[in-house]
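Per-chain residue numbering starts at 1, and chain names A, B, C and D are given in the order in which the chains are listed.
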Amino acid sequence: MKISPPDLADPRLAAAPDARFVAATADGVLPEGFFSTSNLPTYVRIGGAWRMPREPRMDSALVLDASDTLWVREGRHVRAGDRVAVGRAEDGSEGILVSAPHAPDAESGEFQFMTSEVSREKPIDYSLMARLLLDERDRGGYPIWVTGPALVHSRARADMSWFVQNGFVGALLAGNAVAVHDIEASIFGTTLGMSGTGQATSGGHGLHMRAINRVRAAGSIRAAVEQGIIKDGIMHACVTHGVPFVLTASIRDDGPLPDVITDMLAAQDTMRRHTIKATMAILIATALHAIATGNMLPAFVTEPDGSMRELTTICVDSSEFVVSKLKDRGTHQAFGVVTNAQDFMHILRLYVERELASRGGTPAGAAAS
Amino acid sequence: MKISPPDLADPRLAAAPDARFVAATADGVLPEGFFSTSNLPTYVRIGGAWRMPREPRMDSALVLDASDTLWVREGRHVRAGDRVAVGRAEDGSEGILVSAPHAPDAESGEFQFMTSEVSREKPIDYSLMARLLLDERDRGGYPIWVTGPALVHSRARADMSWFVQNGFVGALLAGNAVAVHDIEASIFGTTLGMSGTGQATSGGHGLHMRAINRVRAAGSIRAAVEQGIIKDGIMHACVTHGVPFVLTASIRDDGPLPDVITDMLAAQDTMRRHTIKATMAILIATALHAIATGNMLPAFVTEPDGSMRELTTICVDSSEFVVSKLKDRGTHQAFGVVTNAQDFMHILRLYVERELASRGGTPAGAAAS
Amino acid sequence: MKISPPDLADPRLAAAPDARFVAATADGVLPEGFFSTSNLPTYVRIGGAWRMPREPRMDSALVLDASDTLWVREGRHVRAGDRVAVGRAEDGSEGILVSAPHAPDAESGEFQFMTSEVSREKPIDYSLMARLLLDERDRGGYPIWVTGPALVHSRARADMSWFVQNGFVGALLAGNAVAVHDIEASIFGTTLGMSGTGQATSGGHGLHMRAINRVRAAGSIRAAVEQGIIKDGIMHACVTHGVPFVLTASIRDDGPLPDVITDMLAAQDTMRRHTIKATMAILIATALHAIATGNMLPAFVTEPDGSMRELTTICVDSSEFVVSKLKDRGTHQAFGVVTNAQDFMHILRLYVERELASRGGTPAGAAAS
Amino acid sequence: MKISPPDLADPRLAAAPDARFVAATADGVLPEGFFSTSNLPTYVRIGGAWRMPREPRMDSALVLDASDTLWVREGRHVRAGDRVAVGRAEDGSEGILVSAPHAPDAESGEFQFMTSEVSREKPIDYSLMARLLLDERDRGGYPIWVTGPALVHSRARADMSWFVQNGFVGALLAGNAVAVHDIEASIFGTTLGMSGTGQATSGGHGLHMRAINRVRAAGSIRAAVEQGIIKDGIMHACVTHGVPFVLTASIRDDGPLPDVITDMLAAQDTMRRHTIKATMAILIATALHAIATGNMLPAFVTEPDGSMRELTTICVDSSEFVVSKLKDRGTHQAFGVVTNAQDFMHILRLYVERELASRGGTPAGAAAS
């Protein structure tokens, strides 16, 4: 792909000052305010003419040698007395012009690091998410939570139950597996036979089937809660706190549990009764359910006064791929958090508890229960 | 985040025609040319006024019901006779306006799927890469290849050797491990004691140390080739075809081999003698070496006639993360290929052979050897 | 965790010979046959007594210094004249004993590298897979293929169609999305609006809905093939070659297509009519469908003569996680291939074509069609 | 691969009782204690003879129909009155034998779910890790911490500093980048120009070079701390609390900082002076440094009394691959935690603080400072 050179005849550039050079005072140490290079075509004004340095690369300095040749040099190769360009402007106004016809960062048009949208290397702003969740609760919003089975395997059950119990969940959308693992954990202390410390247990491979069978015998999850079969956990919290849940089926289901909607068109219609009310969405550790929900969600919320805001959509997954896939399926407003479901839930709860304390409030949902 | 509504008083919008509606002729089947919705704020011109549909979502139709209420409805819920909006324009010119103040795709400003830059779901254009490689060879370019050890473990050695032997490699930049595994494979048929079919072999854990020791005894890789200790593979091809290689050390090195540059500043300087000549870069299955090379490479090549083009940079990895990290470190021109090193090398060679055949040429490097 | 020391009073160990030491002849070069250390507790017989070396680590040598102290030393630190232990046996029979009470590799009980079951660093044996596929076809087996949408996005459609046309597919199990993308590619040349070279196209976001709508209007995939709406691709090949397919629904489906089974219990029952006949399974780029199929598959095949063999199960994914998850759900017989669907299909076809040629046969399925 | 049938003539099996069948009392509900099937060859004793059921699959029941044919049936297909096998033993002692010649789980020889060693779906036992860390501190152990730059980008700096300040870090082993990002964060509040909330900042791409340059001007990290250039963070904590650190170079280094050891053989030797003292290892978000350290670490610790225990090695990474690779390079004792560095550090600190409180102690290191 051809790169068009900048128009150096442009009056603004033609009138630019010469770049300023300052001598280094020690070997391997650059003068304060040195110009730090990028990998883009760069032009330096010297004696009224624009010159490109030799051997361009990023993270280095512009050095004018004794014979007036201009080089890009790593700081460690600069010797005391070398003339080093100073300045920060990249638009030519200080005599240095960086040309980026194909803007490397689409928003800023500037050479930048760390511009990817989703990365495990980005800090996670739990404080902001906690405030958003509390704001939603305070204004009577309808946050929908969409979760995958890893949340239960990893034993974030207690934290998820806490959010349900304390009024932060408008509706829970999940698959059969989430409820099966949650109920197996309540009855047997295991998920797919794995203990809470991650060990496969002997004879454990049948426990999820036994859990399903007991609920099928009871007739429904609500009945199993009422009969004391299910004593704690996410489904228990939903039943006892009146939080609606939608359990949808898939071809990999065991059982399924009696409450599961097995027809996919009926399941989508039921999910949509919640997505049209959603004012926020938290999607955790599930590609299938996150994308399904994303397909149904508008990217915006219309407020009572008619104004619109972006529908806050948080997508949590161990891999960047799921968030990128969600965006590739059109849910461009999703904000990605690359971490493990257990840790996400634990820290989010901690920050919500702190924010609650700082607002001086008691948990509304808890008070109501 | 607030979303600004579009300026519906804009003369162009104020003069827009009404949207056109066509009756569905069968249950669950939309009229040809139906308007397919997105999740963005959408305005439909009806009776000269702009209206927003109820229950917005993507991938659905705009349906006007008997009482003139406008809905977003999935195609399967449309009944014969329902009035469905038709048209494709989203700019209001056909009576439907999609408002995207925060353009979901930065380049097009349009609602689109599959806009992520790097994804395992994107097709890989081997044909284009084969043409680029041949073009480089034809014009006497200097393509640098930067590889990680997975290339050798996965037994893409033969294919990599072929590229070296046939004149497609200007220089090879790699670490000690690539050469160690390649040489172990030549002497013992294993890499870290793993056979060519992926089995760990008994007693195999010492074989890489024995391979290193023999080359240390010989004094250099070249000497080991000349003494018949190394009989085939990547390093053998480099030595016998006069292709320069740079082996740089790391803290995880065993040995190292005698040719390895152990001081990192010397190693960087040596790498850079090749990056300043590079006209193309192929980075395969290595985060460390890919980012190191990316740090040194300009994003552009200056042609003999003074014109500039983008420096073609192909980054191959099993995970999207490595390519994103490379871009996050400023090598924004990198094009990502998400696949396995073995398969990449195998298919790339196949396409290069086909392109060679179609150009009627014989392998230049091979002819020379 | 405590580590039990070996029983050095065991007669076999008590009678072991002293370890043999050989002097190094050059600085940094070990004698041939040197003992290569591991990170496990190691005992060396010297003067009839067992001693543990100081500063243990792997990939190094056992060196006896001038004062008869025993060290683990990296080869590069060995000086000419240093006494270095030689031998390969780790059971004490040559005077060196490696103790591994918690066997690091469960199968061999031996210190080994590269023992993980699934890794992108393992070579892929396409030759073996090609032979297995041909053997299945020759003996009239029933290989089931289970695929995800990435196979279609990445444009492995042509290769998948070839396998269908040539008699290698007993049945195809997939979801709505695979068929939707395949049919969009046949009608419009795009998948979710993305071109065959990976670009999002303007106005492309509605194309999959238009493709679905045309098939809904035709009434079925078969009808759409017969009416010339679908002209090529995977579904076309299945229809024209009489290969059964099962399309199952999910909550993320658009449409769906008329052939899709929307009730999950009916869908599972239909899939199982094929899994009970399966003699081989190839699972490509899908977690949901791979695990669902794995749940239904026996781990073994009973031959007509009553003997049993393992049911060959190949699972292809870009990430180790999907294969590990499949195994964690009990499909322990699955063999993982960590690569991209496009490349896998392309190379597998190439190897099958070669194997066909070497067997001198013509494609059976092709001949039959 | 052939599967050998079990020896049914074995006296123990020949004398086994018939399997017990119980009638289901409701449609789709199995009797309590039903036998839950696996995908392995299964033999059921009926009328003194061993029979294999038809249509085997996992997670289902063994059902004897009216004509005495034995089936594997999903629970939902069982009708009231169907005879269902009960029992849990798989060794034939209750009339049901599961044959696993190639033991699916190497340790238990039993069909189990969730047996993978490393998975994001496994619960993380922070409580155990906190106790281990405190135990190490109490007994004067030497835990080495090995970290990658993601720890700093994600702003776990404060938590890492806390561990340094409170006596939990024997030595810190890291690369140039960790110190560069930490110092940039201290001076400018950014890492590679990215703010603490994850935004790329304008003009930010030069900030890491300016940070490096200031430390080079000061002469060393210690000098920069003493001159007030570095005011907080990980390196500051190490300097002010006398915790040794080793910074090793790589080919991707900018600068480097003055303290960085640029020769890799010297770097390895320096690291090893700490690994030979290590009593625990915590490896966070770094493949290169984790594997390098793993190469040098024994898998065991010898206690003062001569007894041995496993050297606790915790490896934290966002991807299962890094942990598997570490094990594939021989560090088989590593325990994998699949999460994000920020979250890991935050929760680990929280649990250590709780454990400290429960032990009634004050932070030892803090007291000393």
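In the analysis below, a contact is a pair of C-beta atoms (placed from the backbone, for glycine too) under 8 Å apart; a residue touches a chain by one contact, two chains touch by 3 or more.
Model, not experiment: these values are computed from the prediction.
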Label-sorted list of chains bordering both subunit B and subunit D is A, C
If chain centres are mean C-alpha positions, then the most distant from subunit D is chain B
Tell me which of B-D, A-C or B-C has the interface of A-D again, with more than half the contact pairs shared? B-C
Roughly how many whole angstrom separate the Cα centroids of subunit A and subunit B? 23
Take the average of all CA coordinates in subunit A, do the same for subunit C, and state the distance between these two points in whole angstrom. 30
For subunit C, residues that touch 2 or more chains besides their own: 38, 58-59, 76, 105, 111-115, 120-121, 192, 205, 254, 256, 265, 268, 295, 319, 321, 328-330
Subunit A to subunit C touching residues, read off their complex: 192, 205, 248-254, 256, 262-265, 267-268, 271, 287-289, 291-292, 295, 318-319, 321, 328-330
Subunit A residues touching subunit D in their complex are 26, 28-30, 32, 34-36, 38, 58-59, 75-76, 88, 105, 108, 110-115, 120-125, 128, 149-150, 153-155, 191-194, 196-198, 200-206, 208-210, 212-213, 216-217, 254-256, 318-319, 338-340, 342-344, 346-347, 350
Contacts from subunit D onto subunit C in the complex sit at residues 1-3, 5, 38-41, 52, 55-59, 74, 76, 102, 104-107, 111-116, 118-121, 265, 268, 272, 275-276, 295-300, 302, 307-310, 320-321, 324-325, 327-333
